[in-house]
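You will see two complexes here that share chain A, one where it goes with chain B and one where it goes with chain C.
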Partner chain A sequence: MNAFTLYRRMAGASIKAQLRYPGTFALQLVGNFVTTLLSFFGIWSLFHRFGSIAGWDIGAVAVLYGLVNVSFSVAETLGRGFDVFGSEYVKTGSFDRLLLRPRSTLVLLLGHELRLRSIGRFLQGAFVLGAGFWLSPHVSWNTVWLLPWAVMGGAVMFLGILIGQAALCFITVEGLEVVNVLTYGGVEAGQYPLTMFARWLRRFLTWALPLSAVCYYPALAMLNHPDPLGMPVWFGLLSPAMGFVFLALMVLWWRRGVAGYVSSGS
Partner chain B sequence: MTIRPYVTSFVLQWKIGLRYRLAVLAGLVAQMWFGAISLMAYAAVYHHAPDVNAPMTLRQAMTYTWIQQSFFTLLPLGCLPAIGEAAKSGAIVYDLLRPVDLWNWWLSASLARLLGNAVPRAILLAVVAGPLAALVGLNGWSLAPPASFEAALLAVVSFVLGAFISASIVMWWNIIAARTLSPLGTYAVGTPLAVLLSGMLLPLPLYPDWARELLLLQPFAGISDIPIRLYMGMPIPGGILAALGIQCFWLLALTVIGRFWMNRTVSRMEVQGA
Partner chain C sequence: MKTAAAIEVRDLRKTYQVRDGGSWRGKTREITALDGISFTVPAGEIAGFIGPNGAGKSTAIKILSGILRPTSGTVRVGDLVPWENRIAHVARIGVVFGQRTQLWWDLSVAEGLALLRDIYSVEPERFRRNRDRLAEALDLNGIMDQSVRQLSLGQRMRAEIAAALIHDPDVVILDEPTIGLDAPSKLAVRAFVRDLRRERGTTVLLTTHDMHDIEALADRVIVIGHGRILADSPFEALQATTLSERILEADFTGPPPDLFLPDGAVETERGTRCVTITFDPQRLPAPALVAHLSKLPGLGDLRIGRPAIEEIITRFYADHAS
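Then we have the complex of A and B:
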């Protein structure tokens, strides 16, 4: 059985398991949808009071918001195994068992759970994204191919964060909530235009964590909006590739972590 | 009635909260990050629209955000984990068998958990965001001192009331956890409600005008929004007495109705396994 078939089976089993409790599942789905929608209500209220966010209209911000939430929801769906890696695998020692299996640890952990409740965030993000395009005057034809490209770049970048966070658990054993700064904090930062942040944060969010490369710059290209910071438009067409680069770096780091892994005993 | 068992329950949860020093530091970093992002957003918004007559100044919005961030763990985000787990495993029967008043027993544990988490973080963050930020020249971004000595005293009283309101709401989550036999539902419902309605997401005064008074009158405003307004000396419709009155009303209502509801739940509860 190749890795893909194996993953499909694991994902199938995970979906069946989650649908076993339809009541809980429905509640979590609704909860997820409402939570994320409420956070957009906060941004909307700022617009309502001040008219714009630093000169950006609500259409552009809705596109940013939708893009980052859709990307993150995809990563959240796939990467649950990495999210709980510290507490459920390293601390308990059950990672030893994964190492005994003749398959890549990454595939096995991806198969830990295919988390369906993130569909709530996905739907809500897609809804806001659609509204954003509808409200924006100059949506370009590039959007047709740029949108899936940017979402893919964003999803793999967030997946990269989750993998990097899991690799950190080889050192810290217990997962640390501080890495939420990059996941949930990334979503929080990604929904605002990059121009409103201080320069050190802008650099960090472009070159260290390529959040703006998968969200802000592609969104500018899709909306035919010139960058106030002077980055040329073609950058937004190519920049989602940086998400893949980020993922590759994190996978390398993960390999190093696995090679040096010492079991905590079980 | 002796008070000792409740004190023991409080001290136990308080110590658990202080146990994880690394978690406190990690939480500090996270809170500073989220605070910084919000602050930059508000700064950009305010500077770009200087003639909008906002109900609070930028400086007030920043102070508000810092205090909200420092008291993040004081919010009733879900049930007390120990009670949620006990409800799931059936170990909840031990709590039911104790010769103590169940409400006070759980309330003291919930309050200790909230305070044990929140107080060390709040002190650390207040030091970093207040005097330290001012020292390194970030005066415009720092946590402002209280409006006056009087305001500080009022805020302390109000914060204590707020902590009790929060613990009472946690009690409601505990009851829901005991009814549904799982803590998960309370987190799914409690976290978004608490984050939105307490003013964590966006300061309550900045919401659209039609929503502002309604937002002030709901119980979550009493946890941190009202104390922060008193701290900054912001005018509150109805004055200081109305502010404290809203808090007392909710504390009383949550306790009376909650006790009644808990007694009904407990008398009908069926515990499986254990």
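Then we have the complex of A and C:
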């Protein structure tokens, strides 16, 4: 059986397990929707008071907010096994159990859980994203293909962060809470236009952690909004690819981590 | 067709780097877990692999399972080097860790076995045959639809064994398969392992702290201590020497008198009201020893038992270290 079919079976088993208690599941879903939506009201009230900030109106900010949350929710749904890797696999020693199975550790960890409750974040992100397009005057036809392309790039970038965070557990056992700066912090940072950040942080968020490459620049292209920093439009059409590059680097780092684990035994 | 050696281990060494104090600042120190061990398990044999905690058993098992790379030495299981080709290797072995579950807590036994079928790519026909055979032999039919977290320890262990064997492995590693089980479950597990070897010629490496497991199953016993092989002999040979030894504890109403023990018995410990005697029943039968002791004044209770595995190994170590 190939890895993809195996993943489908494991995901199916995970869904079945989550739906065993439908009441609990429904509450989690609603909770996830409401708590994530609340954070948008903070931004909304800011723009409601000031109209537009530094040339950005509420529509553009809603698109950024929606894009980053939709992308992150996809990564959260797929990458739960990496999120809990330190506490549930390394610390308890059950990573050994995973290594006893004749499969790639990445596939087995992706199959850990297909986390349905993150659909709450996805739905509210999609809702705000739709509102953002509706409020924006110059939405480009490019959006039709650029939107799914940017979401894909963003989802794999966030998945890359989760994998990188898991690989860190080979060194620190429980992983570092600090890394949450990149996941949840990334979601927060991605909600604001890049121009609001200091220059070093802008560079970091484009070239090291390509958050703006999967979110800000594609959003500019979709909204026909020229970049105040002077990046050409075509950059936003191509930049989501950097999410895939980031994921590939994190996968390489993960492989090194597994090899190191096998040779040190700790 | 079975080859001559299912497991072949030569000069296996493993050292760990440990940091003192656990912090990243501490100095690293080297700890030798395996100090050059060699042994062979022929195909179709059940080998008991015993030793106290910290002797290197788990390290050796991890290396044989392909989840740990040794510092030096060679291992062949079948014709594969476990750590060089993990995926091909683990597809052909079955491992049961007594203290850890291989199944999924939230899934039923049947669902867990079905996922393992997919993970090991077992053809549907062979899967059905194996599942039915294992369910029959391990008495799983009543618990197939229960989720694993609801199972008792004995039920779970039987399900674990089925999970480890669903892909017909030629070599099976059982790490403490009877730990924590009640007597009927222990008997069931032993009977199953015996049948497995007889009917399928499966090679089994078994670690345990329970000498009854060894007595019931092992063709050969490999004793490991301080990272070295202390003894490697057929079970009968071990039984004739070390395992035949018995322990007698005698309680007295007051301070124990001088015992004047006959040949074949040695006083090994003396308390305020109790004496421990080690004896060899082949030289001095238990009834003769009891008869001798019952003549002594102030004798209360008598208990006869066998030495714990730790004591046997301590003695091995004392004998072989010199």
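Simple rule for what comes next: the second predicted complex is superposed on the first by the 261 of 266 C-alpha atoms of A that agree within 3 Å, B and C clash if a C-alpha of one lies under 4 Å from a C-alpha of the other, contacts with A are read in each partner's own complex, and residues count from 1 in each chain.
We take it that a contact is a pair of C-beta atoms (placed from the backbone, for glycine too) under 8 Å apart; a residue touches a chain by one contact, two chains touch by 3 or more.
On a predicted model such as this, the values are computed, not experimentally measured, just so you know.
Once the complexes are laid over each other on chain A, chain B and chain C both fit without any clash.
Looking at the shared chain after the overlay, A:103 reaches chain C, while chain B stays out of its contact range. Seen from the CA centre of chain A, chain B and chain C lie at an angle of 90° in the overlaid model, rounded to the nearest 10.
Contacts of A:229 after superposition on the shared chain: neither chain B nor chain C is touched. In the superposition on chain A, A:9 makes contact with chain C only, while chain B stays out of contact range.
Touched residues of chain A, counted separately for chain B and chain C, are more numerous for B. In the superposition on chain A, no contact is made by A:26 with either chain B or chain C. Once both complexes are placed on a shared chain A, the shortest Cα to Cα gap between chain B and chain C comes to 11 Å. Comparing which residues of chain A touch chain B with which touch chain C, the overlap is empty.
Residue ranges on chain A touching chain C, taken from their complex, read 1, 5-6, 9-10, 13, 16-17, 20, 93-94, 96-97, 99-104, 108, 262-266.
Against chain A, in their complex, chain B makes its touches with residues 22-23, 26-27, 29-30, 33-34, 36-37, 40-41, 43-49, 52, 54, 182, 184-185, 188-189, 191-192, 195-196, 201-202, 206-208.
Contact residues on chain A toward chain B in their complex (touch as defined above): 24, 27-28, 31-32, 34-35, 38-39, 41-42, 45-46, 48-55, 176-178, 180-181, 185, 188-189, 192, 195-198, 201.
Touching chain A in their complex are the following residues of chain C: 14, 16-17, 59, 62, 65-69, 83, 86-88, 90-91, 95, 97, 100-102, 104, 106-107, 111, 114-115, 118-121.
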